[in-house]
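First up is the structure itself, then whatever we jot down about it.
Labels run A, B, C, D and E following the written order; every chain starts at residue 1.
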Amino acid sequence: MSIGWALVGVLVIAGLGALGAVATGSRGRALVAGVSTAGVGVFGVLAGVSALGGEAFSKTIPQLLPLSEVTVTVDALSGLFCALIGGVAVIAGLYNIGYSDGHGSRTGQSLLPLFVAAMILVPAAGNVTTFLVLWEVMALVSLMLVLAEHRLRPSVRDAGVWYAAMTHAGLVAILLGLVLFASKAGGESFTALRDADLSTTTRSVIFVLVFVGFGSKAGMVPLHVWLPRAHPEAPSPVSALMSAAMVKLGLYGVLRVGLDLLGGGPRWWWLLVLVAGGVSALFGVLQASVAVDLKRLLGYSTTENMGLILLGVGAGGMFAADGNRTLGSLLIAAGLLHALNHAGFKTLLFLGAGSVLRATGLRDLDRLGGLVSRMPATTALFGVGALAAAALPPGNGFVSEWLLLQGLIHGLPGADAVVAVAMPLAVGVVALTAGLGVATFVKAFGTGFLARPRSEEAAGAKESPRTMRFAMLVAAAVCAGLAISPASLGPALTRVLEALPTVRDGSPLEGGVTLRLTGIAGSISPVLILAGLFVAGLLVVVLVRRGLPRRESLVWGCGGTRLDPRMEYTATSFAEPLTRVFDDVLRPEHDVDVTHHAESQYLIESVRYRQRVDDRVEAALYPPVLAAGNKLGAVLSRLQNGSVHRYLALGLGGLIVVLVVVGLTA
Amino acid sequence: MSTLGVVVQVVLLIVVAPYLVGVMRQVRARLEGRAGAGAGQPWRDLRKLFRKEPMSPAGSSWVFVAAPAVLVASTLVIAAVSPFVATVSPLDGVADLFAVVALLLLGTVALALAGLDTGTAFGGMGASREMTVAALAEPTILLAGFALSARVGSTNLSAIVERGQQSPGAVLSPATLLAAVALAVVVVAEAGRLPVDNPSTHLELTMIHEAMVLEYAGRDLALVEFASALRLTVLLGLWANLFLPWGVATTASAPALLLGVVAFVAKVAVLGAVLAAGEVFMAKLRLFRVPELLAGSFLFGVLAVSSSFFLA
Amino acid sequence: MTQLLYLICGGLLLSSVMVLWRRELSAIVRLLVVQGVLLGALALVLAGRLDSVELVVVAIGVVALKAVLVPRILRRVLRDGNEARETEPLVNVTASIVAAAFLILLAYAASRPLVRLSPSAETQAVPVGLAMVLLGFFVLVTRRRALSQIVGFLLLDNGIAATAFLITGGVPGIVELAVSLDVLLVVLVLQVLTARLRTTFGGTDIDELRELHD
Amino acid sequence: MRQLLKKIRSTGRVAEPAPERAGDGDVVLRGSVQVRHVDAGSCNGCEIEIGSAFGPVYDGERYGARLVASPRHADVLLVTGPVTRNMAEPLRKAYDATPAPKRVVAVGDCARDCGVFKGGYGVEGAVGDVIPVDVVVRGCPPEPPEIIEALRGLTGR
Amino acid sequence: MTGTPALLLTLAPIVAPIAAAAAAYLMGWRRPVAIATVAAAAIVLIAGAWSATWTADGGEVAAGNWLRIDALSGVMLIVIGAVGVVATWAGIGYLDDELATGHTDVEGARRYGVLVPLFLAAMVVAVLANNLGLLWAAVEGTTIVTAFLVGHRRSRRSVEASWKYVIICSVGIALAYLGTVLVNYAAEHAGVEGSLDWTQLVAHASELDPGVMRLAFALLVVGFGTKAGLVPLHSWLPDAHSQAPAPVSALMSGVLLPVAVYALARYRVIAVAGIDPGFVRGLLLAVGLASLLLAAGLLLAQRDYKRLLAYSSIEHMALAVVGLAIGTPLAIAATLLHIVGHGLGKAVLFCSAGEILAREGTTRIDAVRGLFARTPVLAGLFGAGLVALLGLPPFSLFVSEIGLIRAMVGAGAWWVAAVVLLLLLVVFVAISGKAAGILLGDPPSRDPGVSAPAAGSSGVVGTVATVAGLRASTVVPLVGALVAVAVLGIVDWPLGQLLHAAGQIVGTR
């Protein structure tokens, strides 16, 4: 199918879906919204796949958008992101059918297909205004979706305001950067921008501005503050769409503007990206490793993974700026592959978290547990996602992190001091991130799903409806596909890299069963690892199956008579060693309330301990800004104290100033 | 023919692993003035455990049952692909340093999840501590690997070992020495030996590894114990062959393999004895001093990488 | 004739400053009458200098409006209330006079380009008009009574009218008519509002109007 | 560290020579016995003896017997003392928690028949009244070689 | 186009509202009169749209020297007409409520019926006037007409607001008059025939004395700036807008302020030709940015939602003035588009805010909670209006803001763009935070009797069509306005050509 028709399909289905969801009663609404969202996603995938297959598309519609025009251009880079978003949408749409059945709000459901459509169209934008409009439509629709459950929890409102503010701040940076770009280039179509001949300073200003903007969308520290708030509060299909798909558009922006339109740049740009990515990865994973709210954990994990992706892109850009295209293309391919992998497993994880939330009403890991016997399918599928997110073989996250590490360590020969310092640190960051990531997902899966339930809600959990499980199964299958055969994405990634003039260098990876890197020695075979594990496991099982049958017995509680689930290790206690090790970074707050007996202060009735780990970056950076704003308001409202005389005095003062200025400048 | 090498290697490791533990216990017993149970005791323990009844605590799930198998399987894969006896392996695509590290971690994760799945405070505590140590050890391993691979231009273990054999002098380079120290600390931490963990403790509060497996019984326990012996062997073997690559067969011929087997057994036995002897002189570190140890090894890792660049 | 012109302008300026000085509201209204008459005289003088019949008509209109009609309205405002005197102004009289001096200097400085464009006897006097504008504004800023504020506005308006006469002999007739009508209407509106102030607030101290603020 | 090394060298082996082997031992457990010690209400006299049975001098470990931390890991429960009311249930649980095949060794007179505590208000009964006992070691307290002897009867070494 | 058809086309939008006012005066406030008022506003809109067929490609419709429609006036006519239709239509329900709740009486309603169309007529005259004196007189006329509309309720607060409004605006507009006089002086001196005819002045703009024109322009900026709600004489605006009846607030904010900006646009054309363009730009920028800063800061501190809307008007007018300062054709076109979008959006907001006030009985932001949960349609209108006013797509304000920013950067004033964007961000944060409080969340549980105001007017409501508790006569025009703003933001055709032509008239390179 041609890309143009696919995009038309996206729009038409989204419109029909939205109208349908508005018109349908509460019973069928989720079905309509879900099916149309999935439909939009299918068309997005079709468009993306066509573009990745080498088809290109460009169209200008001057009748739309006052003061500008609509230009749509799809190349392989756009195609990758269209396909990614479309894929996530298909899964989230299917999931929504069961998830929102009977209680999805009219607004929330009808906006779902529109959100997906906006996201799919963003990478298809071909000029600055079109891009900005679509970008902001996407932001607005997602904001409204985040707010969909505002009646249930007051925290939704806060999350919405933070999200709105941060996303708008990001827009401001992008807007300024792109408009500056367009004005210097003398035209606002991407073609004109690409051909522009600008001074280095201008290019750097533009890059830094757009990087800040796109970084905020990608959840970069310190602009990430919206992410761990908004993702947990949104309905789960929306969380999945935002976390798996929308944040990727930040990556798209960096690639499109930095490597395509600006055509690469000096090395420090990419060092900046690398550092921002590294800091985000570490900070994100640290926060995730101590998070207790399952969806908040997943939100921080998104910051972590986007950090890793940008770290790869930054390192790739650095090598490309040095003229080392082999490593440049390898690292950017690693970043793109990780983006795909992240989309896969984060969709799965958020949907899993959604199922848990739906079944128990809980996001608090400390109160979950025991789901493995109550929601076996959900548990298993979440486990698949957790394995991938922990970047362990045979999960799909492993392959892309392996690629990333390969790219980083091969930069050392022939490097200069900057690279020689940056690369080991980058490897250290990736490694620590990976290690903490593993701890994080062991915690999420182990305390959230295994053992015995720690609350009545968790004890009463029921398995999710079939459509939800099916959607998660699809996501798991995608993850599995990506895990087993990353090499098959080689041609597509090559075509994407061809859209980036300063990076492209043949195909970075090849091979079938074994993934091989081109230009440097390195190979990995996910299939063989999986097969090896399977064979060895089979061997173990076959060899030791003889003997006495398994017996179930009470948990060994050192002979104690009562062993209740509250004695289990919780997520908080699981994370306690890490909290203590990273004390200086996390600064946890402890509250100990001791209640004494009425009769004597020496007898203690109860001790209540609470630990909270706030976002330290947020606490350090944002309150001063807010305080400054309030101060400004307070100062200015003194001008507006109600006295006519003061108002008139202001006018007289203004008049005098004007007269003096006129007199002086005569 | 190289398949033979794999089979020999796997069988060798399976056989040797419990004996290694036995040797280490024996060394330790002798240094403590005891007679010791003999090097074959671990095998006797295992034989008995395999005949005993496996038990699942109430409320646990398939994770608890599957974990020992995953643990053993992941270690077996490493045993099959890494160059312990011979560098020629048909599973070249797996014999990557990072893949091996990840597979080790996979085993750790399986056991940690099992520990959490039991629903006891000890299981959770062990899992929590184990994951903390594993997470903090990760940067050192990868940086040490970085330092080793920088010389070779590949993270393929066979390639690194072969390069070591071709230029024995490079083993004494500062980068390699620093990497060796860094990796040694990590091996100790990953294998759960003193001063990070005490494998023979009976005091639950100081346990890391043991706390996770407190609920295992019978053949499940046998698998776990076997796996931990095998992991120790694998780690010591890897360390030995990365820094002392002599004797590893580069062809799949019978004499070369034989030499490889002998060299491997000797190296691992010596290293095990040294490790056990060292443990006699050490007390276990407090859990929250462990990060300091690992941070130190991380520093060595960084130094190893940068010295391989600046001093090369 | 030029002397007469300057005399009238001096009178206009003096009457404006006097408004700052006097506290009796009825006296202030009287000063307004004087100013209206002087404005009419100014128009007449200019009519003579420019040979313009139209200006004679305008002069009559000005006197009718500013010396008769508007003061009558003001007196009615004064009669309705029982507030004969201005309360303590926000800036005391001494400071007001000093400020007035500064404002007059500013008016001279600011009107230099107007004078420079066509230096003639009339335009030499333009700063007076501008100074009246500023003084009127100053009265608005510092005086508390509703009536005083109306007077301030009228002073300002007179200043503009004087300026208009002095630089061009007035704006086109229909505009002049519209302006005059507007002034009258504004004064009427303010009169009604003053009455409402009195009924709702029980007084006309504008500084009491502080309910709407941030 | 050098001091410690010197001490190790000067001390040498402290374990006494092993007596003759007692028998063939248990069929299943042959060569390896993991022991979980349960104090069901003992006066701690037996505990001291058990401790020295696994000390360097008697070195129970050389016969394949080893103390473990959990009944799940154990083959043998080494129970001491009369079973007090509070310890009866924990003892039953410990027995239940031990995977089959399992053996129970009652150590000391109290474990055998409550000894001097017989009829005490807090005593539930002898070990054999609560869980099945396989081997009994007499004595108040029994000496370490007697305990070792009983364990060697199970390991067969 | 000239001649009799032109005369008809120019007079119709003036005469129609006056006729409606006369009808109201004679018949009192009745349904036919109300409909006639809406029709009068519609005639203004139609006249604007119709004239566009001549003006969109640079032509004009001239009726003598006094009245003239070019593209710029055409856009303004459309704004007046469109906002007028929305406000008068939604005003029907408003006045019904006021009568039903006893907030006003038959006489008050009659006065409302007379003054609102007169207000419209005055603004139409202002934008059609080719003579700058007439323009001034018409703008001053709006002050007089609206004085009693602001004080319509006669409460303490509305009397206070109207006093402040009249005094400050009269002073400001007097300064504008002084400026006009000076322009007249310069024009006579340059020998311009018909010395206040805009067309003549533009033709001879470069011959005017720069010294006089600088002073004149400065006075005009301060003067018309007062009416546009700009620093330093902006202070009347929040008081008047928060006290006036909702439809009047809508008209004042949506149309009256832009008319004052329009006057500045006209003068700017003359000023830039004669005097240093840097002075013009600097003055307008200073006023615009200062107003923007003021609005941003006070929005942060705001506790009253009607005042919030008022400060938002200051913010948007400041943007428009910054657009004038930049003054390229793109900037002017974007400014005008912004004015159109702002007018319609603000009309929706003020009308829905009036409805909220009627239901909640308070204008305090923290006293209104969980509106979406209680009255979704009303909250939806209010929310959508805010979204539009915050400059989010698909509403046209987003496109026009991008256009403005593009124009600023294109004119080399990228620091202005940065400052404006930063301040707009502050505005965004302030408004969205407060709006979230009003709209979202679960409503506080309250006694069933307290939320009675809406029910209290059920005697009237019962006889008219309602949509989710709101009158159809309120919902339909507001939804229409929102749809219009959205369409303008997506599609180019209704206004694109006209805006382009207007940009050519006012804009300079």
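Just so it is clear, a contact is a pair of C-beta atoms (placed from the backbone, for glycine too) under 8 Å apart; a residue touches a chain by one contact, two chains touch by 3 or more.
Every value quoted in this text rests on a predicted model; they were computed, and no experiment measured them.
Undergrad: Determine the set of chains touching chain C that also touch chain D.
TA: Output, common partners of chain C and chain D: A.
Undergrad: So if I look at the partners of chain A and the partners of chain C, which chains show up in both lists?
TA: Chains touching both chain A and chain C: E.
Undergrad: Where is the C-beta contact count highest, in terms of which two chains?
TA: By number of C-beta pairs in contact, the leading chain pair is A-B.
Undergrad: Which chain has its C-alpha centroid at the greatest distance from the C-alpha centroid of chain E?
TA: If we average the C-alpha coordinates per chain, D ends up farthest from chain E.
Undergrad: Which chain is most central here if centres come from C-alpha coordinates alone?
TA: Chain closest to the assembly's C-alpha mean: A.
Undergrad: Using only Cα atoms to place each chain's centre, name the chain farthest from chain A.
TA: Using the mean of the C-alpha atoms as each chain's centre, the farthest one from chain A is C.
Undergrad: What is the distance in Å between the mean C-alpha positions of chain D and chain E?
TA: From the centre of chain D to the centre of chain E is 95 Å.
Undergrad: Calculate how many whole Å lie between the centre of chain B and the centre of chain C, each centre taken as the average of the chain's C-alpha atoms.
TA: 99
Undergrad: Taking the mean of the C-alpha atoms as each chain's centre, how many Å separate chain B from chain D?
TA: Using C-alpha averages as centres, the distance is 33 Å.
Undergrad: If you average the Cα atoms of chain A and of chain E to get two centres, how far apart are those centres in Å?
TA: Taking the mean C-alpha position of each chain, the two centres sit 42 Å apart.
Undergrad: Which chain A residues reach two or more other chains?
TA: Expected reply: 548, 551, 553-554, 556-557, 637, 640, 644, 648, 651, 655, 659, 662, 666.
Undergrad: Identify all positions of chain D at which a residue touches two or more other chains, and write them in rising order.
TA: Expected reply: 70, 72, 97, 99-100.
Undergrad: Could you pull out the residues of chain C that touch at least 2 other chains?
TA: If we look for residues of chain C contacting two or more partner chains, we find 110, 112-113, 137, 140, 149, 206, 209, 211-212, 214.
Undergrad: Okay, what are all the chain pairs that touch?
TA: A-B, A-C, A-D, A-E, B-D, C-E
Undergrad: What part of chain C is in contact with chain E in the complex they form?
TA: That would be residues 110-114, 116-118, 133, 137, 140, 146, 149, 153, 156-157, 160, 163-164, 167-168, 171-172, 174-175, 178-179, 182, 185-186, 189-190, 192-193, 196-197, 200-201, 206, 209, 211-212, 214 of chain C.
Undergrad: Give the list of chain D residues in touch with chain A in this complex.
TA: 38, 70-72, 87, 89-91, 93-94, 96-97, 99-100
Undergrad: For the complex, which residues does chain C have touching chain A?
TA: 90, 103, 106, 109-110, 112-113, 134, 137-138, 140-142, 144, 149, 206-207, 209-214
Undergrad: State the interface residues of chain B toward chain D in the complex, per the touch definition above.
TA: These residues of chain B touch chain D: 29-38, 41, 44-45, 47-49, 51-55, 201-204, 207, 210, 214-218, 221, 280-281.
Undergrad: Please output the residues of chain B touching chain A within their complex, sorted ascending.
TA: So the residues of chain B in touch with chain A come to 50-63, 65, 68-70, 72-74, 76-77, 80-81, 91-94, 96, 98-99, 102-103, 105-106, 109, 112-113, 115-121, 123-125, 127-129, 131-132, 134-143, 145-146, 149-150, 153-156, 159, 214-215, 218-219, 222-223, 287-288, 291, 298, 301-302, 305-306, 308-310.
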